[in-house]
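Shown next, in structure tokens, is the structure this report addresses.
For reference, chains read A, B, C and D in written order, and residue numbers begin at 1 within each chain.
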């Protein structure tokens, strides 16, 4: 089983030199900690910054400088600020190469639900609907099951959708899976996790890749 | 006033002044039932002085379009506390418990809109585009009742320009002509909203003399601004202080 | 009969304090020379400048600083530069209070033609179609007749249209006319010009305003 | 390379480099029959070095979308002289006699488009908006064959995003990350075009070090740029020198 940090670390291997990356709130944000050496990526935050750096020291804190999760940030030399209009232009126009976000449910068709639990939680979709409707390369970072132990990888999402047919890859605490032809394809297992265990907690159609292997770090 | 020679004929000419001296003057004309565009992302770049004045004015039954709804005791949360907002149009409202209470109890109408669509609707109003197509929300409940059209094998929704009485935005520096510049991520929705309403009010941290802003670097030219004023004070509250150590 | 300068001068009386004004190529450009004292207006040029000043001295000339007529210009303190997108946003969004432009023909319904003579001249519409489709206050500055002596104020335009139902006022070398209920309404005569003379060179429906008077300068 | 501490973990990180060393490298991949967006208004802000290289490459049957077509012996006029352009999409072409000759003789296809529509079509391509409504051209021959729709009692035409292989634009200053700023009215179409094509090439008068541009004042962030290079020389020809005396 992977920790949240390890999920982020596994996802960081999907980063390629020259990628512009949008990281969602939660586990996705941690991906920035694991950029492989020797490759350059730039992090975009949809509230209007490209070229985010580390979190600030106490002295560097600036109230006018936050990320989409409302956390204080810094920028690297060569960064740029822009307004929300241009920011979502980048997203909608597919200028961002990789989007990583969390989810409450993902379906075997690549549908994703992460913004609303009717009658219980209504936080809003923020920029997630724009991101999933536009990005060509979407990775979901999440736990394989919810707090009640139920699978979050479903035949069909039960919660209101954020987007349809858009997720291409999922990294959970148990496995890395791709979505192909309306099936989850098990590509990699977390160390110490068995195929049968993943099968048991995956409600959607699951096929095992011929090249299925144990994740390496 | 500047003295210029224009094609051999002399004329006096200076910019059109948008400056007002107080937040009271700036918000003159805002009444119950109006629709307001309010800039900011979370608590970053919000028009603090205008919001405080709305509280003081105690105007009611407002429709507010803003990316977020503030926190319980700051930003638009201050208006929610006093039940001044009838309807909220936003993309993310997760930081405000009072908001959730009023929404779930039915006291508050809420229209949740994808963030990119929300800002593009403001931009469209500003730019005289009545409607545009966007992929955000296709196949979700956001698409219900909306026209769907396919371009290049991809589906899009038809979305409309926002329609508002006032915009209340906040900039870093501005001049009397209404030209403004923003700093950092405090720009966010402010740039597109400023110019999108019938009357556009902007508050600034610093009012600088005409000519002090580089004309190449103005984010919103004064033509989009009807009233500009220097905010009395800025708390600039930080929502999630996150440090590297 | 008015000179081109006098046409511009008459139009300048339509300027009001606080107006943003777009001036077309030709006679309209001259309007900037006659801004009445005591009122402040700002001139926009659709290639991306607000707050235009006088033409430059030899020393001030900057190739990066031109108006929509491609003439070198200067700017006043408080001016701003922007891109064509924002510039036409100003125009389309009706942030410009007054548009003055030339025309080859105007109809009694307020249609205007000024961009094309089929088979002869095809310069293109430039920004004129955006301007006339959006502006609420459009004044045409032109000669009353063309080089052949034929009326340019017609029942219907014969040339390809630039816009329909948009012109509100016309200042020619002979008169100032408004357009109301599909008629030209003669409001002011140029000094030395008779009503009958204007009638004779106006092809469209012409009515004489009860307040018709001689222009004052 | 900068050394940073990010949440207690150390990492090296710098910007993605877009810099190429020559106009030849910058235009690699441009072939016959491609569609190019070319920045500039008249001769102001045109990508002089890229145009010169297109002449040298002698690529043919190009479709060029640009506000103007240059003059007879400069700007896009240089390509017209060599009959490299098959189709021109522009708003105003009045300054080019060779253009008029080729058009009237039928050698050159021409699509004349209202200027605001032209730039909005570029902006839409850049921003992922497939189509939008605009009032420009309603009731004219521009409207022929187009969808007309009424919003708030006013008619609008449906217009589509531009579709281009390359954009060739010119900025004042830029950095290795592809961030650019413009000067004066040389900005014009360059800002919206840069990012609107599949491959976006920008030439600059000055390449400055990373961090030299104020991040608040960048007109086009590097994400929209694939290749940036310093132009070898700029003539910056003035079309209509007009002096005050």
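Side notes on the structure shown:
The definition used in the following text is that a residue touches a chain if its C-beta (ideal position, glycine included) is under 8 Å from a C-beta of that chain, and two chains touch if they have at least 3 such contacts.
Just so you know, these numbers come straight off a predicted model, no measurement behind them.
If you take chain A and chain C together, the chains in touch with both are B, D. Among the other chains, C has the CA centre that is most remote from the centre of chain A.
One finds 30 Å separating the Cα centroids of chain C and chain D.
Chain B and chain D have Cα centroids lying 30 Å from one another.
With centres defined as mean CA coordinates, chain D is found 34 Å away from chain A. In chain B, 5-7, 120, 128-129, 134-135, 182-184, 187, 215-216, 244-245 are the positions where the chain touches two or more neighbouring chains simultaneously.
Residue positions of chain C touching 2 or more other chains: 54-55, 81-82, 85, 88, 91-92, 134.
Inter-chain contacts, as defined above, occur between A-B, A-D, B-C, B-D, C-D.
Per the touch definition, chain A reaches chain B in the complex via residues 45-49, 54-58, 61-73, 81-85, 87-88, 91-92, 111, 119, 122-130, 133-134, 160-165. Of all residues in chain D, only 2, 4-7, 9, 11-17, 125-129, 175-177, 179, 195, 210-211, 215-216, 218, 221-224 touch chain A in the complex they form.
On the side of chain A, the complex with chain D involves touching residues 17-20, 30, 32-35, 37, 40-42, 44, 50-51, 53-55, 75-82, 86, 88-96, 134.
By the touch criterion given at the top, residues 5-8, 120, 124, 128-135, 149, 151-152, 154, 156, 160, 181-184, 187, 214-217, 244-245 of chain B touch chain D in their complex. By the touch criterion stated above, chain D contacts chain C in their complex at residues 41-45, 67, 90-95, 100, 103-104, 110, 112, 114-117, 119-120, 122-123, 134-142, 172, 182-192, 219, 236-245.
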